[in-house]
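See the structures that follow.
Paired with chain B in one complex and with chain C in the other, chain A is shared by the two complexes that follow.
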Partner chain A sequence: MPEITRDEVAHLADLARIDLDAAELDHLAPQLSVILESVASISEVASDDVPPTSHPLPLTNVFREDVAQPCLTAEQALAMAPEVDQQRFSVPRILGDEQ
Partner chain B sequence: MSTSSNVIKQTAAEMAAALADGTTTSVELTQAHLDRIAAVDGAVHAYLHVDAEGALAQAAASDARRSDGKPAGDLDGVPIAVKDVLATQGLPTTCGSKILEGWIPPYDATVVAKLKAAGLPILGKTNMDEFAMGSSTEHSAYGPTHNPWDLDRIPGGSGGGSAAAVAAFSAPFALGTDTGGSIRQPGAVTGTVGVKPTYGGVSRYGLVALANSLDQVGPVTRTVLDSALLHELIGGHDPRDSTSVDAPVPGLVAAATQGAQGDLSGLKVGVIKELGGEGYQAGVQQRFQESVDHLVAMGAEVVEVSCPSFVHALAAYYLILPAEASSNLAKFDAMRYGLRVLPEGVDSPSAEDVMRASRDAGFGDEVKRRIILGTYALSSGYYDAYYGQAQKVRTLISRDFEAAFGRADVLLSPTAPTTAFKLGEKLDDPIAMYLNDLATIPANLAGVPGISLPSGLADEDGLPAGVQMLAPALADDRLYRVGAALEVALTEKWGGPLLDRAPSLTGDAS
Partner chain C sequence: MSTAAEVTLVDFDDVLASYDPAMGLEVHVELNTVTKMFCGCPTEFGAEPNTQVCPTCLGLPGAMPVVNAKAVESAIRIGLALNCEIAEWCRFARKNYFYPDMPKNFQTSQYDEPIAFEGFMDVDIPLEGGGTETFRVEIERAHMEEDTGKSLHVGGATGRIHGADHSLVDYNRAGIPLIEIVTKPIMGSREKAPAIAKAYVAQLRELIVALGVSDARMDQGSIRADVNLSLAPKDQGGLGTRSETKNVNSLRSVERAVRYEMQRHAGILDAGGSILQETRHWHEDTGITTSGREKSDAEDYRYFPEPDLVPVAPSREWVEELRATMPENPTVKKARLQAEWGFTDLEMRDTVGAGAFGLVEETIAAGATPQSARKWWLSDMARRANESGTDIADLGVSPAQVAEVQALVDAKTINDKLARQVFDGLIAGEGTPEEIIAARGLAVVSDDGALGAAVDVAIAANPDVADKIRDGKVAAAGALIGAVMKEMKGQADAARVRELILERLA
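For the complex of A and B:
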C-alpha cells in the first residue's frame, strides 16, 4: 500500500482544481494517509470472479418520450450567475497568452 | 404548559386529524412552530433559513382550501422542514456550504413540489454537514446543530438539523437524505424516527447529489406512522429521475396500522452478528437486546444471521462515496452559479485560476478531504485496487443481504454504535467520525430500505439509542409493520414517548 505523500496530495488537489495552501497541505496530507491505510484492506477482499456493482438497481437505458417540456427561462438560468453579459454567463479568460 | 406548546407536541397524524375536525387551523399550527423556532433555535440551530412569511401564506391558503371543503390531502396544512440539500424555488439552498451561500434555486425538487401540491407549509431549511459529508453536522459551514437532549452534544449527521428540529418540536416532521446513514444515525442519537427508503423509491430530482449510487430522500419524524404518511406522500416514480423505480409504493400507512396491533407471529427477525459487540456502547447493546426481546414477546422468531462482508462495508463506502462525490462536486466551478473568488495577486486570472481559488475558499476541510480521496481512488494505477475492489465488495454485501433475507423477513442491529458524543470530540479525526456509520452503510451499498427508531436511553449517559431494521428492496412496508409494533411496546413500557424525557429547552416554560 503506497503512502500518500504531501507532494501527491498537492498534485491531486491540482487535478481537482483546489488551491491548497501550505498549511492546508500539512494538515490534510497525514489525515489522508490514515484514511487510505484504513481502507487498504479492501484490495485483498474480492477475488477476480466477483462482478463489480456500480449501482444497486439493475437499470439500463431508461427511455422517455421525446417531447418538449417546459424548462427554465434564460433569466431564471442566469439569475444566480456570478457575472452576466448580454444574456450569457460571463467567465474569466479561458486561454493564456501563449495559447 | 401553554396551549401552543401542547399543539406542537402532537404527532403529524394528530395535527392532520385536528385540522380535519376543525379544532385547529394551519395558520395556528404554523405560527406555533414559528414561535417555537424563535424560542429554541438560537440554542439548537436546527435551521439555516426560516421562511415565516412563506409558511404562513401557505398555511392561510391551506385553511382556505379546508373551509371550501377541498383539502389537497390528509396532510394539507401540517407544516414541515426540509433539509437544505433539496432545491426549493425561491428559498435559499446552501447544502451547508459557503460555495452555495445565497443560492436561490429556480426550481423545486420533485419531493418539495409534492409537499407543496399536498399543501404542507414549509417552515424552513435545516442544517447539515457540508454537502452531506459527515455524521455530526459539525462540518456545516454555518456552525453545528446542537442535540436537544444535551446542547453540548452532536445531533448526528449529516441530517442533524432535520432530526434536531423534529426532536425539539420545531417541526412536526422533516425531509432528510441518507447516503450512508444521514437520516437513520441522527434519528438514533436524537430519539426520533428516520427512514431510508429503498434505493430509487423516492425521486431525487432536485437533490444536490453527494453519491448518486447511494443517495436516497426519506422521512424524519417522531413516530413510525408519521414516517409512513410522509413516505407515501413523497414516494413513487418520477420521470425526471431515471433511477427512480417504476413500481407502486407498497401500503406503508396500512402496514404501520397493522403493526401497531402488536401481533408479529410468523415473523422472522435476523440479528446481524457483525453489527454488534466490540465497538458498540454497552447501553446501546442493552437497549437493542430489549428491543429484540419485545419482538419475541409479540410472536416474532429470532435467528442470528451472519453477513461476513459487512466488515468491509466501511472501507468500500469510503472509496465509492469520495469517488462519486469528487465527480459530482466538479460542477462547482464558479462559472454559472455559486461562489466566485478571484485569486490574490494574479493579474487577469484565467478561468482555471478562478476555479481553484473559488473551490479553495468555498469548500470546507471535509469536502476537500473527500474530493482529494476520490480523485486518488479514480486515478489510473489505483482505480482497480480501490474503486474496482470497492465495487466488488458491494456485490459481496448484496449477496450477504440476499442470503440473510433467505432466513429472515427483516434484519436488526443497533443504528449507531454509540449515543451522541460531545461537539468537537471527533471533528479532526476522520476515522473516528466515519465509524458512526458502521451499521447504516451496508443498506446504502445494497440499496435496501432501513428504519431507525428509538430503543431507549443508555444507562451510562441517559442519552437516546436507536434500533435499526432492514428489509429487502421494495419491501419498505415490512419496516413500518415491525417498527410500529416495537414502537407501541416500547412506548407502553416508557409510559409515553421517549421525547417526553428530553430536558426542557429555553422556551418550554412559556
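For the complex of A and C:
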C-alpha cells in the first residue's frame, strides 16, 4: 500500500515552490495519502499482465510537417508579462547559467 | 562557490601515476529544422527577442504540442550514424523543474525510452610522430528534447549572474529541437583522456555536418558539450564521484576542461578530500571551472510520460529508408576523397592531423580547388590557430568564406598577400570578404595607368637591372616586380606588372 509521509509532502511542496507551514502539512499529508490509496485500489484490479497506461488511445506517430506557422508578435507575447525590459520577460534574478 | 585561488592542481603526469580517469560526454545538437520541436515557430538564429514564439512554446494554458516529423527523422538518422538501435516504440517525458528559461515549468524530453540507444563511434586519436590510433566510444543513448530560452542577467556589477538584480528572458530558442547524445563511461583512456574527448566531439561534429541535420556551429551554441569526469584509484576499477562541467563550447576547450578537471580532482583527493557531485562552469578565458549549483533535491525532476504527445513508433520500413541516407563510412570516405583530391599520403595525414579534414572538404564543396583549400587551411589557418591557441575550427573563418576569398584571388580582385588581410578582417568580425576589401582598400591594382607609373619609377631607380633585362635576362624582372609591389604596398597585379616591364624593356 503506497503511503506518503509528511516529510515527502514537505519535499514536494518545496519542489513545487508552495510555501506550507507546519499546520498545513499536518492537514494535507494525510489527505494526499487517502488520494493515493484510492488510486492504488486500481492496481488491485489490474493483474500483472496489464501495463500502466500513459495514453488511453492506441495512437502513435502524430506528426506535423516542418512548415513555419505564424507566431505571436512580441507585443502579444509580452502582454501578460509582469514586467518587460528590452523586449524580454523580466523576472527576479535567477541562479545558474548565463546562456 | 570555489575560486581559482582555493584550487590545487596536480601535475598531469602525477594524476596518472595515482588515478584512472573515467569520462562521460553529453553533447547537445540543435537541429536545423525550419520549425521548433512541438510548434510551428521558426528557428532562425538572431531574430529580435520574443518574435518567434507562440502559445505552445510559451507554455500558455490549453496549448497543445505536436511533434515535428523532420526532427524525428533527424534523430533517427543521428542514431543510425552512431550505430544505435532505434526504438520500436518510445515516449516523451516531462522533466519538471522551476526555472524561467522554460516557461512551461517542465522541459519535454525523453527519459527511460530514448529514440536511439546502444551505439558506438570509433574515434581516431592522433599519435605523436604521426598516424592515428582508434578508440571506441560506446554510446548509451540519443534522445529528443527541446532547447530552453535564453536569459540575460542584468543589474550586477559584472553583468554576470552573481549580483544580478533581475534576469531577462527571450523565448525564441525555447522549443528548438535538440538531440542529446550521451556516451557510456569512457574507461581506460588514461593519458589520452583529453585527446579522446576532443576527438570524439570533433568527429561527432563532422558526422553531424555530413548528415546535414544541424548548423553544427559550436561558437553559436548549435553543438554544446558537457564533460563528466571522475577519478578512481589507479588499477582498482570502479568509478569515483563525478563533476559535470557545462558550457564547453569549443573543441579545444573540451580537451582543456578534461585535463583541468583531472588535475583539480587529483588535488582534492590527494589532500584527503572528497569530490562534490556538482555542476561546474567552464570559463573559456581563464581555462578553469567554477562551481555551479550543487546537485541536490533541486534536481529531483519527477519525470513522467508526456500526456499531450502520443508515443513515437518508427516503422522498420522508415528506419531502413533512413539507413539508406547514411553518409559513407568515414575511413572509406577519407580514402575516396584523398584519391579525388589528388593528395599525397603525407598531405592527407597533415590535413587530418591538423583537424582540417572536414574544413578542407567543406571548402572544396564550396567551390575551391583541393590544393587551394589545403593551402589556406594548412598554412595560413593552421598558423593562426597555433599562434592564438585556438582550434582551427574555432578561428571564426568558415569553409565557405575560404572558398569565397580564393574565388576573389582567382578573379584577380586580390592576391594571396591581400587575402591574408581579408582573413584578418574576417576573424576580427569586420563583415563579408567583399565588405572587408572595400573597407580596408585591399583590391589589387591592375589599372595600367597606375601600374605603368610605378613601373617607370622602378626602371628609373634601377638602371642596371633594366639594362640586364634589355640584354635578354628576363629573370632579372623579378627585382623590378618586387620594387613595384613595394611601391604599391602589395596591391599590384604581379602578372600585369611583369608584362608592363617586359613591354617597356623589349
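Definition applied: the second predicted complex is superposed on the first by the 89 of 99 C-alpha atoms of A that agree within 3 Å, B and C clash if a C-alpha of one lies under 4 Å from a C-alpha of the other, contacts with A are read in each partner's own complex, and residues count from 1 in each chain.
Please note the rule applied: contacts are C-beta pairs under 8 Å (C-beta built on N, C-alpha and C of every residue); 3 or more make two chains touch, one makes a residue touch a chain.
Since the structure is predicted, the reported quantities are computational estimates derived from the model, not experimental observations.
Once the two complexes are laid over each other on the shared chain, residue contacts for A:A46 go to chain B alone; chain C is not touched.
By the touch criterion defined above, A:T60 reaches chain C but does not reach chain B. Of the two partner chains placed around the shared chain by superposition, chain B and chain C are both touched by A:F89.
In the superposition on chain A, A:L32 makes contact with chain B only, not with chain C. In the superposed model, A:R17 lies in contact with both chain B and chain C. In the superposed model, B is the one of chain B and chain C that contacts more residues of chain A. Taken together, the two structures place residues 15-17, 54-55, 57, 59, 62, 64, 72, 77, 83, 89, 91-96 of chain A in contact with chain B in one case and with chain C in the other. Of all residues in chain A, those touching chain B in their complex are 4, 8-9, 12-13, 15-21, 24, 27-28, 31-32, 34-36, 38-43, 45-46, 50-57, 59, 62, 64, 72, 76-77, 79-83, 89, 91-96. Residue ranges of chain B in contact with chain A, taken from their complex: 103-104, 106-107, 199-200, 213, 239, 242-243, 245, 309, 312, 314-316, 318-319, 326, 330, 333-340, 343, 348-357, 359-360, 363, 365, 368-369, 371-373, 375-376, 379, 385-386, 388-396, 398, 428, 430-431, 434, 445-447, 473. Of all residues in chain A, only 11, 14-17, 54-55, 57, 59-74, 77-78, 83, 85-99 touch chain C in the complex they form. Residues 33-35, 39-42, 48-55, 58, 66-72, 89, 91, 96, 98-101, 148, 150-155, 160-161, 164-171, 221, 246-247, 281, 292-293, 297-298, 300, 302, 304-305, 307, 309-314 of chain C are the ones touching chain A in the complex.
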